[in-house]
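Each of the next two complexes has chain A plus one more chain, namely chain B in the first and chain C in the second.
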Partner chain A sequence: MLTLRAVHASYGPIKAVRGIDLEVHKGEIVCLIGGNGAGKTTTLMAVSGIVKPDAGSLFFKGECLNGVPAHEVVRRGICQVPEGRRIFPALTVQENLEMGAFLRTKDFSRNRERVFTLFPVLKDRKNQLGGTLSGGEQQMLAVGRALMANPSLLLLDEPSLGLAPIMASKIFRTIREINEEGVTILLVEQNAKAALKLSHRGYVIENGTIALQGRGADLLENEEVKRAYLGE
Partner chain B sequence: MRAGARDAELHGGDAAGKIRALFGRSPLFRSLVIGAWAGLLLLPFKNVRAALLLFMTVAAGLVLLYGARAFGRTEAWKKSAFRALLQRGARSVSPYARSSVLPVLLAVFLVVPLAVKDYYLDVLVMAGIYTLLALGLTIIVGFTGLLNLGFAAFYAVGAYAYALLNTKAGIGFWPSLPLAASAASLAGLLLAIPALRLRGDYLAIVTLGFGEILHLVLNNWDSLTNGPNGIAGIAPPSLAGFSLGALRPYYYLVLVFVILAGISVVRVKNSRIGRGWIAIRENEIAAASLGIDATKYKLLAFAAGTFWAGIAGALFAAKMRFVSPESFTFTESGLILSMVILGGLGNPYGAAAGAFLLVILPEVLRDLQLYRMLILGIGLVLLMVFRPQGLLGGRGGK
Partner chain C sequence: MLFQQLINGLTLGGVYAIVALGYTMVYGILELINFAHGEIYMLGAYLGIIFLGIFTAIGLTEANLPLALFLTVLLAVFFCAAYGFTMEKVAYKPLRNAPRLSPLISAIGVSLFLQNYVMLTQGATDKVFPSRFGESRITIMNGEITFLQILIIAVSALIMLSLHLFRKTRWGKAMRAATQDKTMAALVGINVDGVISLTFCIGAALAAVAGVMVAAYYGLVNHFIGYVAGIKAFTAAVLGGIGSIPGAMLGGILLGLAESTGAAYLSSEYKDAYAFVILLIILLIKPSGILGRRSEEKV
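What follows is the complex of A and B.
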């Protein structure tokens, strides 16, 4: 579904991604793990079109994504939940969700119902301002908002960042539910253990290149990964 | 500033809470205190009689206001047939009217010229022109969140476009009007292209610079603009052979444009385009992640906002029959921005209220001469402390 070939990307003067090859198949959950500054987020940004790759090529459903602007990438079915949530604090929960359906011209009430089923708390707070929600609820809102666009590929950047463990595991459970409904997911996480447990496959990124890859369960057992990222 | 204002809105300013506790909860008591305060403020400038009069007017007005509000909340009123009738009437006049306020206002503005002196009407015409400007700036600053400190420049482009077309080429008001508006829009786009890369303070500085540059050009390009002497002898508009130059017909002309601008700005706010603008204002990266083309929508905001500035400029030139660079200084840009913020950023009704207030108040306070600006300044500061969201409340999606 999504293919990256030898993608290089830089963040200002910093070469953050130096030749990454990766593959996401339809229906999968794939995670990118790695330390701070390894290039995970930049890889995601390159897919969503916010960062332009310096070299290499990106394909989505057989079409080239190089040079496609961010808003057009969304139209093609890739939706990103940016790091740090970035909900609209001065708009209500309901309005936030409606913004997610910006590109849709037909009735999107079914999507809204689906989001409310996934996150019942959002339904209870639909008239509350986004900025008054707790961190976990804001993360739910950010995910729900992205789902309003009906993406076939969902990019999640650090969905568990800054959340209490119980809230984080709730988010991870929901990610699995969303995946079981047919949405392919590419996930970036610092919380390597939870991410690998959840994912079908994983990539370990170090210094902008892929250091390891494999099935989620295999990577969990891998000695190197254990030592470097799982603290065992 | 903006984040701070929102913060205060969410949590309720601490100082405001203290003052509220001090004033007590009884509406009657509160009305008396505010009235007395207003009277005391006036005392140094006028005599005791005037102060007493102000005290009584303010207090009585507030008591009436609180009373009306309490009455509006009673079940009997909510169920009354009269209220239903009013609402139905309002909706039949305008589908956009959520209450009966707008049709009543419109009726008042329609009959006002029959009842008041020329001087008041003249003030109202200026208030109308500033309402157009404030509505235009609301699109750029209020909806899209692009701070603009040089909005008077586009007002000037509209005014000079009509002045030049009329005096040099002899083109009438109606053919000139779309040209003047397009010229302002074009100037807006021209500024938007470099400004798109900037945001916040940096954007504000660029727009400020643009305003100053245009002012300098108008002042110094003698062969075209006649420099500081300005351009005189601009023809007033006429319609089907009748001149609209007299104050009363002109008032109605401006009123028509204010209504058109009002409807279009309110409509566009609730449209897809308006949603896109608000998303960009709230968070540009999030907006892009939802498929909103920020570049396109920012350009649109500049073009649409400056369009109304161009219309306002042409109307101003046709009213004054004279334009000079003096009318389009930075002070003017600041004044328009104050109107937009005063009424409630992002609220078109607020922008109109702000425009009326800031045009009419200095006239009302004219007796106080130099002190009037001082009072106005204090009033604005107090408003921002106790009601940071503006008179009618702003922001938000609705």
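What follows is the complex of A and C.
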């Protein structure tokens, strides 16, 4: 469904991604793990069209994504929940969801019902400003907002970052539910253990290249991964 | 006397507020002080004179004054929006990722260019508004109010109300979202370049209306009026809190009132100085303005 071939991309002056090959098949949860500055976020930003790749090519459903502007990438069915949630603080929860549905106004109430079923708390907070929500609620809103566009591929960047463990595991459960509804997921996580448990397949990124790849369960057992990312 | 000054102040303040809205909307989305915004207002005034001149020549003004005025404003709005759109594409978009000083200098360049362009094409002398209208007066509480003043206040109020309603529409919300976080706005599928162009067009359209109204009000324009009006509207935007839409409205009206009461009770010689005294005081006491929020540095 999503293919990256020898993608190079820079984050400002830094060459963060140096030749990444990556494949996400329909229906999968795939995770990217790796340390700070390994190039995970830049990879997602390149897929979303925010960062223009310096070299290499990106394909989604067989069509080239190179040079496609960010809003057009959303129209083709890729939505991103970026690191730090980035909800619109001065818009209400309802308006944030409306912005998520900016290109898909047609099935608005049906998509909103789906989000409210996943995250009932958002329904109670509907008229509250996004900036007044707690961190966990903001993460739910960020995921909900992305689902409003009914994406076929959802990119999640550090969805558990800064959340209490109980909230983090709720978010991971929800990611599985969303996947079971048929949404393909590409997940970037620092919490390697939880991410690998959840994922069908995983990639380990180091210094902007793929160091390891394999099934989630296999990577969990890999000695190198255990030592470097699982702290065992 | 006081009531008279209040009405004069509201008339001026309404115009300042409409021009200030253009400053504040552009600042909100690009963090750019568009110093060429005053020149769009000046262009609006000239376009008003040109089009009403044409309508007067063909006899439309005499036959149907409201229609002639409406068409004049409409055409001025259209052309100014085109100027605003072009200005952003030519002078600011190529500098989107440049250091913040570069677009500011570019803005000053656009401003000087437009002033001289109008001076060369229209001449350096004052131009006279081709039609006098709305001069019938009514007397309320010892104050004389012309019909034109009432019209200006009403149009200003209508514009502010429509802008308020616009911000609740789909594109209005997209504009607010892009103001808060441009990257995130792109990630939900908003065409941010489109929103920026729209912002410039709306700002320029508002300035055009203000320009035509002022040309009708004072009856004379020259190619310098954009400079002074621009700086005053900028002061109004800073006074209310730059980036804040209600702030620009409030700031504009307060500035208009301060100017007219100052001119009446202190000295009319220093009429133009009051705006700058107020700007100094605001920058010293509350740099973020009356309704502005202190900007937080993002980490």
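One rule holds in what follows: the second predicted complex is superposed on the first by the 230 of 232 C-alpha atoms of A that agree within 3 Å, B and C clash if a C-alpha of one lies under 4 Å from a C-alpha of the other, contacts with A are read in each partner's own complex, and residues count from 1 in each chain.
By definition in this document, a residue touches a chain if its C-beta (ideal position, glycine included) is under 8 Å from a C-beta of that chain, and two chains touch if they have at least 3 such contacts.
The structure displayed is predicted, hence computed values, not measured ones.
With the C-alpha superposition on chain A as described, chain C and chain B clash in the combined arrangement.
Once the two complexes are laid over each other on the shared chain, residue contacts for A:I14 go to neither chain B nor chain C. Using the contact criterion defined above for the overlaid structures, shared-chain residue A:L129 touches chain B, although it does not reach chain C. In the overlay built on the shared chain, the residue A:V74 is in contact with chain B and with chain C. Residue contacts after overlaying the shared chain place A:A55 against neither chain B nor chain C. Once chain A of one complex is fitted onto chain A of the other, the partner contacts of A:M99 extend to both chain B and chain C. Comparing the two complexes, residues 48, 50, 69-71, 74-75, 79-80, 82, 86-91, 95, 98-100, 102-103, 145-146, 149 of chain A contact chain B in one case and chain C in the other. Across the complex, chain A meets chain B through its residues 48, 50, 69-72, 74-75, 79-82, 86-92, 95, 98-100, 102-103, 129, 131-132, 145-146, 149.
Chain contact summary for the complex, chain C toward chain A: residues 170, 173-174, 176-177, 180-181, 183-192. Residues 6, 10, 272, 275-276, 278-279, 282-283, 285-294, 395-398 of chain B touch chain A in their complex. Those residues of chain A that touch chain C in the complex are listed here as 48-50, 69-71, 74-75, 79-80, 82, 86-91, 95, 98-100, 102-103, 105, 145-146, 149.
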